[in-house]
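Input: structures, listed below.
There are two complexes below, and they share chain A, which is joined by chain B in the first and by chain C in the second.
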Partner chain A sequence: MSRASVSLAILAAILVALPFLLGNYALSVATLILYFAYTGQAWNVMMGFAGQLSLGHAVYVGVGAYAAGSLFFHYGIGPWAGVLLAMALCVALGLIIGFLAFRFRISGVYFALLTIAFAEFTRIGFDHLDWTGGPGGMFLRVAQRDTWDLANFRGPPLMYYYAMLALAAGAFALCAWLLRSRAGYYWQAIREDEEAAQALGINTFRWKLLAVAISAAMTAVAGVFFAFYYNNLFPEQIFHISRSIEIILGPVIGGVGTLFGPVLGATVLTLLSDGITEALAAVGWEIPGIKQVFYGVVLLAVVMFLPNGIWPALARRLRL
Partner chain B sequence: MSLLDVRSVSKHFRGLRAVHEVSFDVAEGGIQGLIGPNGAGKTTTFNMIAGVYAPDTGEILFAGRAIHRLRPDEICAAGIGRTFQIVKPFAGLSVLDNVMVGAFLRERHAANARAAAAKILERLGLGAKRDLPASSLTLPDRKRLEVARALATRPKLLLLDEVMAGLRPTECDQMVAVFRELNRADGTTILLIEHVMRAVMALARQIAVLHHGALIARGTPEQVVRDPAVLECYLGEETEV
Partner chain C sequence: MPAEIYLNVAVSGLLTGLVYGLMALGLSVIFGVVRVVNFAHGEMMTIAMYLAVVLFSHYRLDPLVMMVPIAGVLFALGYVMQRGLINPFINRPEHSQFMLLVALALILVNGLLIVFGPDAQGVQTSYSFASFAVGRLIVDANKIYAALAALAVAAALFAFFRYTLAGKAIRACADNYAGALVVGLDVKRLYALTFGIGAACVGAAGCMMVLLVDVTPPLGPAYTLLAFVIVIVGGLGSMGGALLGGVLIGVSEALAGLFIAPSAKSMFSFGLLILILLLRPQGLLGRRT
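For the complex of A and B:
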């Protein structure tokens, strides 16, 4: 086995054993890290692989969460059916955005603006949709949480941790496979030079749409998890642009277009942000916005000193 | 029989008449040169064949099929491979991966595409550099990479846009040998735009000359260099014949 696969096996073993070493609070932080590793991986398919910058990925989290949440709230239908609906809706939405952009040659920052616009007016739409509770939000019934009720995805924090671990590992494997397949090569060619890619027989319109569809479907699953983990959904929060930014920070810090970037970035950012919250609480400082300032400083430092993200530099050091 | 048939195509950019009523054909298995001074409309003609621009008037037939309304990717799939005058490597990918992207057109599986790409790199003398990032290549190697990538799509017709420019004479001769071999062994038809007359004279069996967007002469290299119209348009320019 290569150094890389041995390291991967060790990491997997640690992640599986982790809950037995952690308390409840630490477990919730670990779950959050995996959540951002997963959503970062999903976003990376579009931006990192195919070069299409989305600044509105919160729209897929939100639509996915509301789709599965509504089924459960109104009809008592569990998330297994809900996740299918969520994925279908998000793929459809992604294809609409992608079709409009790629058909009318909207690219680069203008494409990014279009993704923000869709997230924003979806938020406003949900604010006026009484069926999902409007701006007042939607609350899923919280049952007793000692036993694992997999059918309704209700259970102790441990269940959510393992579910998120399975999702993050699955996304990692999927992305690793995609990168080595024809799709991965075509996406990277499109990212590097779209005109040259087209001259090599690549229908760039279709392959870009495929990247959007896969990314949207993956993110929709994160939305379903979000709904059943937090049990309350507000358009103001779930569709907010800061949520979209949160999703992209992990891969940007870790390394856009790499497999480990999103994982590493999510870990570093979540631990640092939690660490500083704790540290500030310990010394009794309560300065509003200090966490955001901290985020900004880390982001600046990484962009200045490691413009390709932490992972490429680290991988060289570790000779992976 | 002609593989490519360009029939009185024209292209205007706003007021500029880039190409006007140009007709020529390329015989199957032939090597055709397309020459002319700067701004003669060579690259515009190329881009119409490759599907980057649709001609304003006229039509282009490839193996008897009209292709002038197709997209670049459809034209590549139909069997026309092209290089870019200003090279366009996928800078972030390795040399091998660059060529694999082309090979995937005919090979769905990565292992097969990799094998096909490796073979082409050997042929173009880039075998030793296959794992380097494309961004690290020198200009002559980047030109070779352009050719390798286009060849990986297994074209029946190869469009070469100034692939010899910037090469030293010995490098140029190597390229000429590669194209001759390709034409002889694989039967690949070649249409090349070239400023380096040394290469055109060595390769082309037929030459078409463009000037101010119009075709002013056609024939064998010997006929073309004696043509008064050609001599006139090149007068004062340095031509290394």
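For the complex of A and C:
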């Protein structure tokens, strides 16, 4: 086995054993890391592989969460059916955005702004949709935390951790496979030079749409997890542009287009944010906003000094 | 409802729209030349608004009079930001530039939160509640003053780009980067100058806006989005387009607030943005590149 696969196996073993080493709080942080590793991986398919910059990925989280949440809230249908609806809706939405953008040859900054516009449009739409609770939010019935109810995806923190671990590992494997598939090579060709790719006979329109669809479907699943993990949904929170930025931070800090970048970025950022909170609490500086300022400064430093992200630099150092 | 209500609302939207337009003009100038989308634009606007609030509440200095020094402070901020932070990112990919400005915006908006707290702050000038009556049309005095000031600053900017040497040099950079280098223009300095001018525009716009609305830190990101909508509608990089877009968005927001619901007004703007991107991606007055 290569160094890389040995390291990966060790990492997997640690992650599976982690709940038995951590307390409840640390487990929730670990779950959050996996969540951002997963959403980052999903975003990376579109931007890192196919070069299409989406700044509105919160729209897929939100639509996915509301789709499965509404089914459960109104009809008592659990998330296993809900996730199918969520994925179908998000793929449809992604295809609409992608179709319009690519048909009308919108790219670069303009495409990014179009994705923001769709996310904001949807946010305000949900604010005025009474069926999902409008701005007052939607609250899912919170079940017992000590019994496992897999049909309705209710259970102890352990269950959510393993569900997120399975999703993150699945996304990693899927992306590893995608990168080496025909689609992956076409995407990278499009990312590097779209006109050249077209000249070689690649139907760039269709392959870009495929990237959007896969990314949207993956993000929709994260939305379903979000709905059943937090049990309350507010348009103002879930569709907000800062949610979209959160999704992007991990892969950008870790390394856009790399497999391990989103995982590393999510870990670094979540631990950093948590560490800053604790450090500030320890010195008694609990002023609103100060945490985000520190966070912003670190972000600034990483973007300035490691333009390709942490992972490529680290991987060279580790000879992986 | 009587007809003059619609007219009153439309005129009020038009006047506010001119201030929006000046704000967006700053974004448009920066993008048109430096080719960087300033994702911290609205945050810079709120900095100017807070400066105006502080100067007014401590020294009773009128925001419209303080427009020039505040625009100067913002100019310096923009100049330094471009020189020190953004310049190394000029040739980096868009997502990298985006992260840089998002980090800056995060620092600015939360810095303001630490300094000024979350409560809304505003100014109350002697003319805050005055109004002019033209026939049956009633217009707030502060909106008139703000709109006139916005037009004056925009006119000064047009004149700068048209008649001064520095303005022409900046336009040359925008038209042909390599050509500008060949004839010996100091492109780095001109870029910093441009970013400073864009920031000064938004600084002046902030002084006018503070007459119309109270300022809170989260207003920054909201204005950033609004400025994007306006410049895309008007045409990114087109100066007249930014003003036209501002007026369009101002009027349509005001009317949407009247006809539908005030909370739905920005949905209308984003809907307009999506339509424009699809039907005329270069914007109403933009040139196809």
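We take it that the second predicted complex is superposed on the first by the 320 of 320 C-alpha atoms of A that agree within 3 Å, B and C clash if a C-alpha of one lies under 4 Å from a C-alpha of the other, contacts with A are read in each partner's own complex, and residues count from 1 in each chain.
One rule holds for everything that comes next: a residue touches a chain if its C-beta (ideal position, glycine included) is under 8 Å from a C-beta of that chain, and two chains touch if they have at least 3 such contacts.
The structure displayed is predicted, hence computed values, not measured ones.
Participant: Just checking: does A:Tyr186 make contact with chain B only, chain C only, both, or neither of them? Give me first, second, both or neither.
Facilitator: Touch partner of A:Tyr186: chain B, not chain C.
Participant: Is A:Tyr230 contacted by the first partner chain B, the second partner chain C, both or neither?
Facilitator: In the superposition, A:Tyr230 contacts neither chain B nor chain C.
Participant: Could you tell me if A:Gln198 is touching chain B, chain C, both of them or neither one (first, second, both, neither)?
Facilitator: Once the two structures are laid over each other on A, A:Gln198 reaches chain B alone.
Participant: Please tell me which partner, chain B or chain C, touches more residues of chain A.
Facilitator: C
Participant: Looking at the overlay, does A:Tyr75 come into contact with chain B only (first), chain C only (second), both, or neither?
Facilitator: neither
Participant: Please give the residue numbers of chain B that touch chain A in the complex, ascending.
Facilitator: Checking each residue of chain B against chain A gives 50, 52, 71-74, 76-77, 82, 84, 88-93, 97, 100-102, 104-105, 108, 110, 113, 149-150, 152-153.
Participant: Where on chain C is chain A touching in the complex?
Facilitator: Within the complex, chain C contacts chain A at residues 37, 85, 88, 92, 94-96, 98-100, 102-104, 106-107, 109-114, 118, 217, 221, 225, 228-229, 232, 236, 261, 263-264, 266-267, 270-271, 273-274, 277-278, 281.
Participant: Sort out for me which residues of chain A touch chain B in the complex.
Facilitator: The touching residues are 180-182, 185-186, 188-189, 191-193, 195-204, 257.
Participant: Which chain A residues qualify as touching chain C in the complex?
Facilitator: Touch residues, chain A against chain C: 47, 53, 55, 100-101, 104-106, 108-110, 112-114, 116-118, 120-121, 124-125, 127-128, 135, 241-242, 245, 248-249, 252, 256, 287-293, 295-297, 299-300, 303-304, 307.
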